[in-house]
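Next come two complexes, and both contain subunit A; in the first it sits with subunit B, in the second with subunit C.
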Partner chain A sequence: MSVGLDVPFLVKTFFVALSGVPIALLITIVSLLIALPLGFLLALSRINRIPVISQLARVYVSFVRGTPVIVQIFIIFTSVPLLLAPIFEKYHVKTSIYDINPIWYAFIVFSLNTTAILIEVFRSAISTVSKGQLEAAYSVGLNNVQAFRRILIPQILVVALPNICTATVNLIKATSLGYALSLREITLKAQVAANVGYNFIEAYIDIFLVYLILCSLVETLFKLYEKRLRKYKAAAA
Partner chain B sequence: MQTYFDSAYIWGALPQLLSFLHVTFMVAGLSVLFGTILGFILAVMKLGTSKASIKIANGYTTILRCTPSIVLLFLVYYGLPAIASGTDLNHLDTSIYVVITFSLQFGAIMSEVMRTAYEAIDRGQYEAAVSVGLSPAQAFRRIVLPQASVVALPNFGNSLLELMKEGSLAYTIGLVDIMGKASLIISNNYNSHSLEIYLALSLIYWVLSILIEQFFSKLEKIFSKGKLVIKTT
Partner chain C sequence: MIGGKVMLEIKNIHKSFGKNEILKGVDLQIDRGDVVVILGPSGSGKTTLLRCINFLERADQGQAIFGDIHVNLKSATKKQIHQIRQRIAFVFQNYNLFTNKTVLENVTEGLIIGRKVPKADANELGQQALAKVGLADKLNSYPSELSGGQQQRVGIARAIALNPDIILFDEPTSALDPELVGEVLTVMKNIAKEGTTMLVVTHEMSFAKDVANRVIFMDGGVIVEENSPKEIFSRPKEERTQHFLRRVIPEDFIYNI
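Our next item is the complex of A and B:
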């Protein structure tokens, strides 16, 4: 291995890695858009002890939190084609299952994963808001939807936001495992670039920098948003 | 990839995978050990008065928290031989790289866990201990540390679980733990029945994490019982 870093390669690959950011962000945003409402509803079902759904959600959360993301990725990646094959055959869908863009698998895996994490986040956040708030909202004549949208959700969000931030950063980090789905995101793009000249150190330094910038940005954005939401907390206290 | 599912492969794979469980445990255990030491040093730096050391410790934590484990793993795997270019590291066991990686990561997480636990303990506890004649070191060891440990316990358990799960990524650099064994079995089967093997693997991880969770909640119950007694008397 040569001594010292190949600086031109380092700079060039940095932009290669950077070009993978949109895919990583797309997966993150789609997963969050699916997981946020789903996680919230399932958290409510856990708190209100709705039979069947509550128990299913519990097992689901326990499974997702108890197994590595990479194993979940492999399970989805191998089981979805098996499940889809008969359906495709029955309805004479022409597209081959193995030609599906891997990004769909990524959407499935990461939304399922994030949903489980957000169920727990929302569950603990909802339990911090006192029941009196809901009752007070009812007593001034708000209906269920209004009470949640105007009174409870703003308060729940303030409490949940730091944890949602952590979940988002973890999600962005987890997209680096997209290489297992041969998804052309940050990690895989830089790895492929490094394969030519075995410049792996430079490539990984680039990947490292890109994630560092991305995650710090996300953290800063969440901090700003948290500050804006604080006013609800001040009003509540 | 075959289009049928045979659950016999799940039961067939379980004993094979379980025989590599000790590797997973060893790597996780050593990383916890070194990571906790590193985390303690970082926590001391964060709670100290020197501005520079606070900055360094906070910076380290932020950087490590923003790095995916797999990237850190490869950085250590390729970076360490490059830094130590004078010495020959070719015979070094892969598990050493894995332990270094996860110790670095666990240290960053633990430093936050320890800092928040230390700050959760009322300052008056320490002052009271010093006022009855304990030295600062004694006050820390006998009064603050036991209470802070109880506070840190749930977070420690969670971090441990995370570490065990992230440890599965070590297969990418060729460590044969349960995850590595699973991918070996799959490539021996010419990639058929991979779903069954992964299901068996996830079963092992699931059971392990439930056991660890139960263990920590039991510990927490035992220790917080003591806490209540101290509070009331």
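Our next item is the complex of A and C:
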């Protein structure tokens, strides 16, 4: 056996790993689309101490933060079919529960997970915006929705954006756990390719590089967006 | 705009925070063109009174008559609150300019979004209002680039651009460095001269003396005394008013007409 990397395999597998990017991004985007509004609303419920919802949100955050994502995946993957079985039976759904595309489980787990993280991100960001901003918006005749959309959310986003970026990058990396659901994402695809000739080092290097490139790109995009949003703050500095 | 002489009438307003009763039944009438100054020690309920009128605080009891709008201050509906806020403008102690908006956007926001004024017209009105407060050259600055005095002048421009029936001022100069108080008071004097109806909570005795046509002294959640500035500064009737004025007015402050 020759020592050293199988370079042609390394290059070939890089593109195999790269072909898993759409799935990883799809999970990331769907999770963010669900988690951003939900996390924001639950953060508001925590700050305004809305009874019941606020307490539930707190317990929820501590549950999600206190357990590994892989365990959350296993729990959702095993419990959702059990919960769905009676419903499917009742409404005579023909589809077998075990034929459900595993990506649905990924959507559920990563949305729930990201929501918990974003509740905390928004909670600290919202508290940095003074109550006077909302009062001033009311006083010039804006209603609640207008005040939030035009005055508060832009200010909250600027503060929250670095943490939302971290959460997004963590989410992209966490989608690698989708291999436990046999999701054909970056990690699984490269590993399957490596199984044939036991070229695991090459495959892992490829996986490493794909995530690195993907996450760096996302971070750059966030930085650019933040720079645009911060315009009004940069003026003072 | 309201047709009659009376702009705003408040009856028997009560407000508590927990067990602490801040307003204990205040009545107030403001006529068109009035400049009414409310004086009083801290904790007397002046600011709370102002905030209840604009529903930034919800009163526990009381009525407001605002032209054709009669409302119960405790149970006013969202629609009534919106209607009333369309007619009242508020100038805050801490300016509360929208930090993410430019000076001009701060002034036009309420016009464009709150009152559906077309953008071009709103920009025109905004520039006029900013010219009145001497900030025509700062249209595109952000609040963080302005001094406190300039920020408060934008706050006043934001209020007058809405062409409200009445402007409420909540200690507009209290957060300012002493050397910046003058520029804000000058602007306030100018808009008072134009006939703007104003209700002002302030500690600036000179403003009360020179600009107000009526001075209200509040203490302990009630109006203790109400009179022309001349009467209240030279011959305060109530002991509490005398005591307060002795404390806040320097010896050499002489009221002269």
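The rule is simple: the second predicted complex is superposed on the first by the 229 of 237 C-alpha atoms of A that agree within 3 Å, B and C clash if a C-alpha of one lies under 4 Å from a C-alpha of the other, contacts with A are read in each partner's own complex, and residues count from 1 in each chain.
To be clear about the criterion, contacts are C-beta pairs under 8 Å (C-beta built on N, C-alpha and C of every residue); 3 or more make two chains touch, one makes a residue touch a chain.
Given the structure is predicted, the values throughout are model-derived calculations rather than measurements.
Superposition of the two complexes onto subunit A shows subunit B and subunit C fitting side by side, with no clash. Touch criterion met: A:T67 reaches subunit B, while subunit C stays clear of it.
By the document's definition of touching, of the two partners only subunit B reaches A:L212; subunit C does not. Taking subunit A as the reference chain, the count of touched residues is higher for B when subunit B and subunit C are set side by side. Seen from the C-alpha centre of subunit A, the directions to the centres of subunit B and subunit C diverge by 100°, a value given as a multiple of 10 for the model superposed on chain A.
In the superposition on chain A, contact is made by A:Y204 with subunit B only, not with subunit C. Of the two partner chains placed by the overlay, only subunit B lies in contact with A:L82; subunit C stays clear of it. By the touch criterion stated above, A:Q155 is placed in contact with subunit C alone, subunit B being left untouched.
With chain A fitted onto itself, subunit B and subunit C come no nearer than 24 Å, counting C-alpha atoms only.
Once the two complexes are overlaid on chain A, none of the subunit A residues touched by subunit B in the first is touched by subunit C in the second.
Contact residues of subunit C toward subunit A in the complex are 54-56, 82, 85-86, 88-90, 92, 94, 96-102, 109-110, 113-115, 141-142, 144-145, 158, 162. Of all residues in subunit A, those touching subunit C in their complex are 130, 132-133, 135-143, 146, 150-151, 154-155, 158, 232-233, 235-236. For subunit A in complex with subunit B, the residues that touch the partner chain are 1, 3, 62-63, 65-72, 74-75, 78-79, 81-82, 85, 169, 173-174, 176-177, 187, 200-201, 204-205, 207-208, 211-212, 214-216, 219.
By the touch criterion stated above, subunit B contacts subunit A in their complex at residues 1, 3, 5, 62-63, 65-72, 74-75, 78-79, 81-82, 85, 161, 165-166, 168-169, 179, 194-195, 198-199, 201-202, 205-206, 208-210.
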